[in-house]
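Down below are the structures I want you to see.
Okay, so chain A shows up in both of these, paired with chain B first and chain C after.
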Partner chain A sequence: MKTTLANRLTPYMFLAPAAAVLIVALLYPLGYVVYASFLDWNPSQRIGQAEFIGLRNYYNLFSDESFRESFFVTIKFSTIVVTLEMLFGVGLAFLLDRNIRGMSVLRTLFILPMMISPIVVGLMWRYMYHPTVGIFNRTLKAIGLDPIPWLSDGTWAFTSIIIADVWQWVPFIFILSLAALQTLPQSVMEAARIDGASGWQSILYVKLPLMMPVLVITFLLRLIDSFKVLEVILVLTNGGPGLSTEVLALRISRTATEFRELGVAAAMSNILLFMLLLLTLAMFFYNKLTAIRAFRLKNIAVEEV
Partner chain B sequence: MSKPNYERQNPAFYALLVALILMAIGPIVVMLSTSLRLNVDIMSDTSSLFFLPTIRNYEAVLCDVLWYKPDGLDYCDPTFGRALVSSLIVATVSTVLTLVIGCMAAYAIVRFRFMGRDTVSLFTLLMRMVPPAVLLVPIFGIWTFQFHIDGTRMGIILIYVAMNLPFVIWILQSFIVQVPIQLEESARIDGAGPFQVFFLIVLPIIKPGLAAASIFTFRIAWNEFLLANALSNRNSRTVPVTIVNSLTQYDVDWGKIMATGMLLAIPPIIFTFVASRQIITGMTAGAVKG
Partner chain C sequence: MKHLRTLIYSSGVAFALATTTAFAGDPYAPYKGTTLVVNFPTTPHFNAVMKILPEFTKETGINVEVDQLQYLKMRERQTLELTKDVGDYDLISYVVFSKADYVFADQLENLAKYFMNPKLADPHYDANDLIDGYVANIGIVGGEKGYLPGKTGSLFGLPFGSETSILGYRKDIFEKHGLKVPETYDELLDLACKIPQLEPGMGGLSSRAASGHHASHAFLLHLAPLGGRIFDDNWNPIMNNEAGIAAAKALKTIVDCGPEGAKTFGFAEAGAAFLQGKTAMFLDSTQFASQVNDPTKSTVVGKVAWAMHPKGVRRGSETGGFGIAIPKNAQHKEAAFLLMQWLTSKHGDKLVAMAGGNPVRFSTHADPEVNAKYPYMSQFGEALKYADPDWRPIIPVWGKINADLGTALSKVLTEDLDIKEALDGVAERTRATMEDAGYYTWQQ
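Then we have the complex of A and B:
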């Protein structure tokens, strides 16, 4: 009797610490941020002393010109960055999907940019973008061209943070799509070759459609992550010049720490969270859908045999 | 994999490879070479590829934790030494805690199946989506006014464990699923309790999964800036926080700051070279296998 009770309790004992940590340090804060968004609250007040102002934070945000600007910058940044990264990453995967010596070394070197701290990535690029000692302007000067205001002009600053992000995250797409490419069924490739498909044809009509499930997931994962990018931009421009590079995540952090308006920051957090929630649910249901479709196809194949 | 049957490629292909490698590691090389230069060298107009490397910057940064007193250094700034110790403690403790707690939870989810795998994967995805920036306000409020653990390393460790747990549980359960149940059943028949089965049978088999999970956890805890910045005080500040602080000063000492950046980048670089296969497994587990 005693052992069966112990056995019945075992799963809960195994699960209890994780559940406790997640509830206390993740779910509770997420509930807290929803509540905080209805408050007019600054960091020196306890939350109980903050005034409850209902939806006014949200109302103010939507009529705030600079918040809309920031929102637009975020969308623009994520769209451009993810599009470029998908193009380069998938392209490189097709190009390097060959049986060559040193492929594993290459892959190892490609992971480096992702493993290094975003703060350090920002640091490296900030040095390279430096107006006088940076490697880019030095090179431009050496070949007799005018220096470029990498971080001090709005449009260039936006381009600069895109370059840095693309550098850091193309390898992610590359490695995922290469993994997808190399797990494609060999028999299909062979069939395409026997039917006389050219290299381009087999990529366009055979490989890409087969990789599509993985590519969609990779795309959504990267899109979600691109809304979180903050540290690299913080080090490079801190959102400036003006609002040209102030993405939403950075604006949240600045509103909380520099402008000390926790309620407003919480309201912005919820807006960001809501956008990401939609993307995540889209990803989950897409995953489900492809799993169901694969299952059905298998059943049909079995029935036909 | 059995026979090394490599295809020959044309020279343009190899040129492209070299260019790609240069692009991938170029910025890191620039950082390394800057950290080995004196400031006069960095700021001079005639920059050259050839210079006399010096470890002066590293000595200045590490002066507090070195066993000898570097010459030519009249003032020792203890900020970085302290931050390095803090970073090491925070990253190591949170990695160990996350792994232990995550392992047990993953095992319970797979073996006792009282939650569908669907529930777990949806929950993992949802938690993975939460940006650190969103946690900034509530974590600051709760840690300061309710738990009173702001400014301590424990506070930083707690949030890192919570942030990493969903991913670690997800990765580990995909490895535990592959452990043959017969192995565990035979151990149970031989009289092992559930804890013995877990520690003596399951853990040794899922070592690659543990490696991948620990690298990912350590990397996030080691690199994170935003929450550490909000939660730490002078004594518990981590390295990323000190780097950003010294960047906001008017006169940036590039040699020294690049040396700091390099020191922060070294552990992840070592992990990458030692365990790139596990890292790739961890990265592709979520997307490719579904």
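Then we have the complex of A and C:
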């Protein structure tokens, strides 16, 4: 009796250290943020001194115009940015999926932007967007055009942060799509060629569908990441002009430091977390779905044989 | 037995006498060898202070270890330090905004008990010589409106590294076109838009305007002289009254006639534009002044003169910058008081001023030696007589109102949002914030 119990407990005992680490490192901070979001907490107080106000932070947030605006700015930003990055990244991968001399050097060059620290990217673009000494406006003036108010007009500022983000993250999509492309089975390509598929047709009907699982994961990863973007925008515009570029992450940071409302900042973080959780779940279910489909296809193939 | 008692008694007296004489000769003696840990920002003023701290150690035997942080990082660090049971900092310098929060959270020492202590307080300190506007704005809490001096107020910090607003202008440009230095707001606004016509490519006045704190700061600079306030005496928001609209209009005019890219200028960019000769005037903090004649930063060395912040319906230049205070959880409070007293004494203030800092005493501003080195000092001293300690409210919810005001003004400047509409919106949201914070509890 005793041995069976011990036997039954063994796997859990092996799991215990990992579970303990998980609880301390992951669940405790998470629980802390959730608890903090129910408090009226100012940084000069210890968490125990803060007043418990239930759901009021969340309630206030939904009627807060500025929060709603930054929420929509974030959605707009993420949608546009990720769509553009997917188009450019995948396109670039198709263009460079061939045997060119010095390909490895080129590939390294292409992924450089991704490796630069976001603060530096922000500073770099800020100098390039500078109204008088920036390269863009100087070039425009040199060819006799009107300078563009890159960062001082709401719409242009939004465009500017999109350009900077696309520049930085296209390489991420590019490198993953290229890897996917290069692992595609050569036999399928050959079959397509023999059947007389043109270049476009083989991309549209053969390569893209085969790459789809990788592309979907890449897309979701980028989408999740773009919801959390902070540094580049912080340096470039700090959310301005007005609130035109104030994404949620920036709003959270300002609420905690500038307005000194830690409870409200925690509530916003939780809303952001919830949105990201939905996306992650979507990713999880997609994975499950493709796995099931692959399994079924395999079974059919086995039966046919 | 009796003999022994007499012996003990007399040696006790002798010891007491010996220590008293030590006190009489050198008030710093009991603290000799103490090491103070202080938290200063990396502003030009405090960089100057770093140069004179060895002098303090030489005179007093008290060592000072400085934790110098970028000024925006200080708040976070201090918030953590001040909530600990035993703090590491013996003296902190704080931005004026923090005054309300720290005192409200009961984290700073009331200075009364130190100034009452005859062993610590220097009778020659001459507190009346400290600049009134600075002390009212940065040091005293608990009087009128809660954040100003008054019959119920008391002192929690001393101004140090404080600043006011001043108008800098290009002597050469003004002489070339025979322009008169503006004394009123009408003249200022008129000139701001006239200069770009006289000197193509040059902006009139360089101002901050970036969304958020910068735009709000620039607006407040004009609000006080033009007769406005953020709140009336009952905490009702009134930034959308006539004076408020006039101040926002002034800001818009200045930015529209300013140098290229002015709509996104922060303090640094506005200053840089003036230093690079892209504008003819500069209206902002006195902290900026020491850079103008530094050839490594400025292309206008020797071409700049200073004048008072122009007058609207009244004079009212800003007050702000830093103060120094002793945290409640400090470990060496008395020695820290001696340091803060020394730094703001006539002697210390002059040393800091000579090293390039911003003095906090009228006498230092008038000092001939200081003026020989920094000729603008007497002008600043004159301007400081009109420094307005109430040019912006110092209440815990100000951060939020400030950000909202700055965002709305940024929309006025960049998206041509109607001024009245923008300020009405700010007033409405401010009222809600104030209501939440309990400011209308006593209103019927």
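As a convention for this text, the second predicted complex is superposed on the first by the 279 of 305 C-alpha atoms of A that agree within 3 Å, B and C clash if a C-alpha of one lies under 4 Å from a C-alpha of the other, contacts with A are read in each partner's own complex, and residues count from 1 in each chain.
We take it that a residue touches a chain if its C-beta (ideal position, glycine included) is under 8 Å from a C-beta of that chain, and two chains touch if they have at least 3 such contacts.
Being a predicted model, the structure only gives us computed values, none of them experimental.
In the superposed model, A:14 lies in contact with chain B only, and not with chain C. By the touch criterion defined above, A:193 reaches neither chain B nor chain C. When the shared chain is aligned, chain B and chain C each come close enough to touch A:46. In the superposition on chain A, contact of A:257 is made with both chain B and chain C. In the superposition on chain A, A:242 makes contact with chain C only, while chain B stays out of contact range. Once the two complexes are overlaid on the shared chain, A:68 sits clear of chain B and of chain C alike. Contact with chain B, but none with chain C, is seen for A:127 once the two complexes are overlaid on the shared chain.
In the superposition on chain A, A:149 makes contact with chain C only, while chain B stays out of contact range. Touched residues of chain A, counted separately for chain B and chain C, are more numerous for B. Touch criterion met: A:32 reaches chain B, while chain C stays clear of it. Common to the chain B and chain C contact sets on chain A are residues 43, 46, 257.
Residue ranges on chain A touching chain B, taken from their complex, read 7, 10-12, 14-15, 17-19, 21-22, 24-26, 28-30, 32-33, 36, 43, 46-47, 92, 95-96, 98-101, 104, 106-113, 115-121, 123-128, 133, 135, 138, 167, 171-172, 175-176, 179-180, 183, 213-214, 217-218, 221, 224, 227-228, 230-231, 234-235, 248-250, 252-253, 256-257, 262, 265-266, 269-270, 272-273, 276-277, 279-280, 283-284, 287, 290-291.
Residues 42-46, 65-66, 130-132, 147, 149, 151-154, 237-243, 254, 257-261 of chain A are the ones touching chain C in the complex. Interface residues of chain B, counted against chain A in their complex, comprise 4-7, 9, 16-17, 20-21, 23-25, 27-28, 30-31, 34, 42-43, 47, 101-102, 104-105, 107-109, 111-112, 114, 121-122, 125-142, 145, 158-159, 161-163, 165-166, 169, 194, 198, 219, 222-223, 225-226, 229-230, 240, 243-244, 247, 254, 257-258, 261, 264-265, 268-269, 271-273, 276-277, 279-280, 283-284, 286-288, 290.
Chain C contributes residues 75-76, 79, 82-83, 101-102, 104-105, 107, 210-213, 259-261, 263-264, 278, 396, 399-400, 402-404, 407-408, 410-411, 413-415, 417, 429 to its touches with chain A in the complex.
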